[in-house]
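Labels run A, B, C, D, E and F following the written order; every chain starts at residue 1.
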Amino acid sequence: MEARKSTGSLTIMTEIVLPNDTNTFGNLMGGRLMYWMDIAAALSAQKHCNAPVVTASVDNISFENPIKLGNAVHIEAKVTRSFNTSMEVHLKVWGEDLTQQYKYKSNEAYYTFVALDPNRKPRPVPQLIAETPEEKRLFDGALRRRQLRLILGGKLRPDDATELKALFVKE
Amino acid sequence: MEARKSTGSLTIMTEIVLPNDTNTFGNLMGGRLMYWMDIAAALSAQKHCNAPVVTASVDNISFENPIKLGNAVHIEAKVTRSFNTSMEVHLKVWGEDLTQQYKYKSNEAYYTFVALDPNRKPRPVPQLIAETPEEKRLFDGALRRRQLRLILGGKLRPDDATELKALFVKE
Amino acid sequence: MEARKSTGSLTIMTEIVLPNDTNTFGNLMGGRLMYWMDIAAALSAQKHCNAPVVTASVDNISFENPIKLGNAVHIEAKVTRSFNTSMEVHLKVWGEDLTQQYKYKSNEAYYTFVALDPNRKPRPVPQLIAETPEEKRLFDGALRRRQLRLILGGKLRPDDATELKALFVKE
Amino acid sequence: MEARKSTGSLTIMTEIVLPNDTNTFGNLMGGRLMYWMDIAAALSAQKHCNAPVVTASVDNISFENPIKLGNAVHIEAKVTRSFNTSMEVHLKVWGEDLTQQYKYKSNEAYYTFVALDPNRKPRPVPQLIAETPEEKRLFDGALRRRQLRLILGGKLRPDDATELKALFVKE
Amino acid sequence: MEARKSTGSLTIMTEIVLPNDTNTFGNLMGGRLMYWMDIAAALSAQKHCNAPVVTASVDNISFENPIKLGNAVHIEAKVTRSFNTSMEVHLKVWGEDLTQQYKYKSNEAYYTFVALDPNRKPRPVPQLIAETPEEKRLFDGALRRRQLRLILGGKLRPDDATELKALFVKE
Amino acid sequence: MEARKSTGSLTIMTEIVLPNDTNTFGNLMGGRLMYWMDIAAALSAQKHCNAPVVTASVDNISFENPIKLGNAVHIEAKVTRSFNTSMEVHLKVWGEDLTQQYKYKSNEAYYTFVALDPNRKPRPVPQLIAETPEEKRLFDGALRRRQLRLILGGKLRPDDATELKALFVKE
């Protein structure tokens, strides 16, 4: 299986905030945004591995700026690194008030997907080639984020998370 | 009001075909696709004029290849030309079977939008600058398509459609 | 296969404009209306041919009057003419403000559908019998609209569109 | 306020059963159908009284035949009688398998609506004129159904329901 | 087949009223509420019989208080009694204005479901054990409501509805 | 402002997985589930603080078992701890195959909400009283999870996260 470039998985999604997507303040509900992000990220992961995928996990998401009714939502998703049968996808989300020419960051996030074979068993995915400095930074950080996921999911002891531990323990 | 480049209005939308979007053959319904195209085109027109817009008309659309359940739908929208208070937006639509790495054309279309002021009256929009050969071809064809729209809408007599008439009458 | 009357395909649809169907002006979005029209027209075509159908094309649509939030949308669809394996459906759309007793035209349109057999291949459809003067006018115009569709779809040279050419060239 | 004919309130709605409207047997869910019936009946009541209305009650509904995925749903709604500020609407629902030319009854029902003024207080509605034998039968039965509603809602003692009592007590 | 307790079928559903669920007064539409109630009641019936179910009928529903946009909707469903192949489910619905700490009753209702075997034929369901005084009251009333359903559905003559008749004829 | 018990914020939501909620394997999409969780958690937070809330952040979520088409989704949400103007909500999610009497865990998660005043500025919320051992455990862990959120959001240096540091550095 040949390794593939990160750019090959780039997926761009644009949506508009309609009334039913909003809370009582007229701002996009967080849950609706996570729904769109899940679809954009899944498409990106599928582009990378050419197989059906299912969402395995979602990392911490902070919502920085509310996106208003009638504004555009821009989502960019790209695979940052692949492990044996899983892929981490990085998402960037902006809102845009098209009449004010004002574009603002909403959040960044990481979704992880597992590729499945026709029997619904995990199947190997191609390695990822990071080219730009940003892609390389995301590629490098992916190990650390993976350890954090495993600790938080109870599948790794903090002591064994060498990458992550370095953040807290300066030797 | 300063003229603006066509590229500034580029809008990219990606959707996935879910069960409720399909007919009994498991293919994307034409009406659902036209709904997505309307939103993508409206966002493109708003990017160009920075004002709210309403759909004025839609030109003939032929659906060439059905897009299947679970496939991705790619829509690209770009303003081709602006008239006093209206803009023509060109759309290209592809389907993509991500597991087969197979991308296929669905259709091309032209939507026309009118920009509105806060009193819901048409308001002037910036002129469009076409740069690439394709943008120039689309810009030039816009006049002919506009005449056709006016004839079909009963607002222009065929005799006065000089641009369009040339197609039928070689002098 | 016995020919059938146009009236047999009449389909009447009534909807109400809900918040999520509207743009920022509180008016029905064009794309949402085209979605409903597609379903009404598909039902009409299926009534005529008693087979599953898929949308083949949509002719130019001009949106004349916006339909407001809370208003009723009335759609009437009827087959105007059938060709070998396809049918043209004519649609009339009105809005209605029920509290003001005010009914207004939104648009007229033509959708074309192809009937499919169980292998998804086009299959023959019954001929159409036009009875009223309006049905006959629509039946006669169908040939001209078909030529226009074929020219716009790049499948007919303008020179060969004898019906359509007559509009521009008076001999 | 002038009395109005029952035919003036006739509302015809046609829908298609999409995947998300179905249960695990691929049949239209009862709740989804009651949602469509509510909208059709509300439009009918608004046609009669030219005022906004809210659903006050729904009478017993029996679902006779399941409506299948891809089939058409036909709903006909007509006001049967008006009381001071409320109207009873009668609904007939059929399913139709368009490829089999098979039309079958799903159910009949009665919805009751109250007309509201701008302060959300009940407001008087025009009397109803029943013309055809069926309209007259529905008009006459409306009193009996109203008594049943009031008893079931705990607002009338069975003893005072003279119309209804006659069903059980033959003197 | 062992009898089961009513409490085993308790189903609690909480929803929020979003813009598209509301009428022009900003209140939850009756039809949308009946849709949610149908799903809650179906889940309750399935819990009791461990088989797929379909909605057979819905008894009279009176909507007492409107539920407002942004308010919570609370639905509690519980099987009250089972007959051979059918189950009656009792529903209680409240609205709640969470910012005002104000909870108000919307309505009570009875839905009836039939359990189906894999060939879509009615299949026997377990008997119900009523324990609390309220459960016993609902269990006892179920016979009377069933007779009313059968009379209203034209399947029982009023004379034979001994339970119901007692309401009108005091001997 | 009086402190409030955790139990007062308990919110129970039950949904059914419909076709449009599923991926190509017929399993609930992760994004759709996060949407429902967001609404359940927001209702729980509003119950605690009696004010409108907006989603501030979502902690890592791992999806353990897929929830199948037609199965029930059970979500339980409860506030674990409140800070000045924010509340952490704990969610537990199960799927249930009602015909098989099989209930399985899907995931656990933490959502954080900020309460807003009418000017959309953060406003103080009541303190939380944890009573049961589980509530106390969740209350105690909330500080650690908050530090992790702040580090991941770039608002706290790992060195200052004393609670969290203890996990990695045993002194």
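As a working rule, contacts are C-beta pairs under 8 Å (C-beta built on N, C-alpha and C of every residue); 3 or more make two chains touch, one makes a residue touch a chain.
The shown structure was predicted, so the numbers you read here are calculated from the model rather than taken from an experiment.
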item: Subunit F and subunit B - chains in contact with each; value: A, D
item: Both-way neighbours, i.e. chains that touch subunit E and touch subunit C; value: A, D
item: Copies subunit A and subunit F touch via same or different residues, half shared test; value: same
item: Averaged-CA centre spacing for the pair subunit F and subunit D, given as whole angstrom; value: 43
item: Separation of subunit B from subunit C, taking each centre as the mean of its C-alpha atoms, in whole Å; value: 20
item: Euclidean distance of C-alpha centroids - subunit C vs subunit F, Å; value: 49
item: Set of subunit D residues in contact with two or more other chains; value: 19-20, 23-24, 39, 42, 52, 70
item: Full enumeration of touching chain pairs; value: A-B, A-C, A-E, A-F, B-C, B-D, B-F, C-D, C-E, D-E, D-F, E-F
item: Subunit C residues within the subunit A interface of the complex; value: 19-20, 22-24
item: Subunit A contact footprint on subunit B (complex, rising order); value: 11-16, 39-40, 42-43, 46-47, 50-52, 70, 72, 98-101
item: Touch list for subunit E against partner subunit D, complex; value: 23-25, 27, 29-32, 34-39, 42, 52, 54-63, 66, 111, 116, 120, 148-149, 151-153, 158-159, 161, 164-165, 167-169
item: Interface residues, subunit A side, partner subunit C - complex; value: 18-20, 69-70
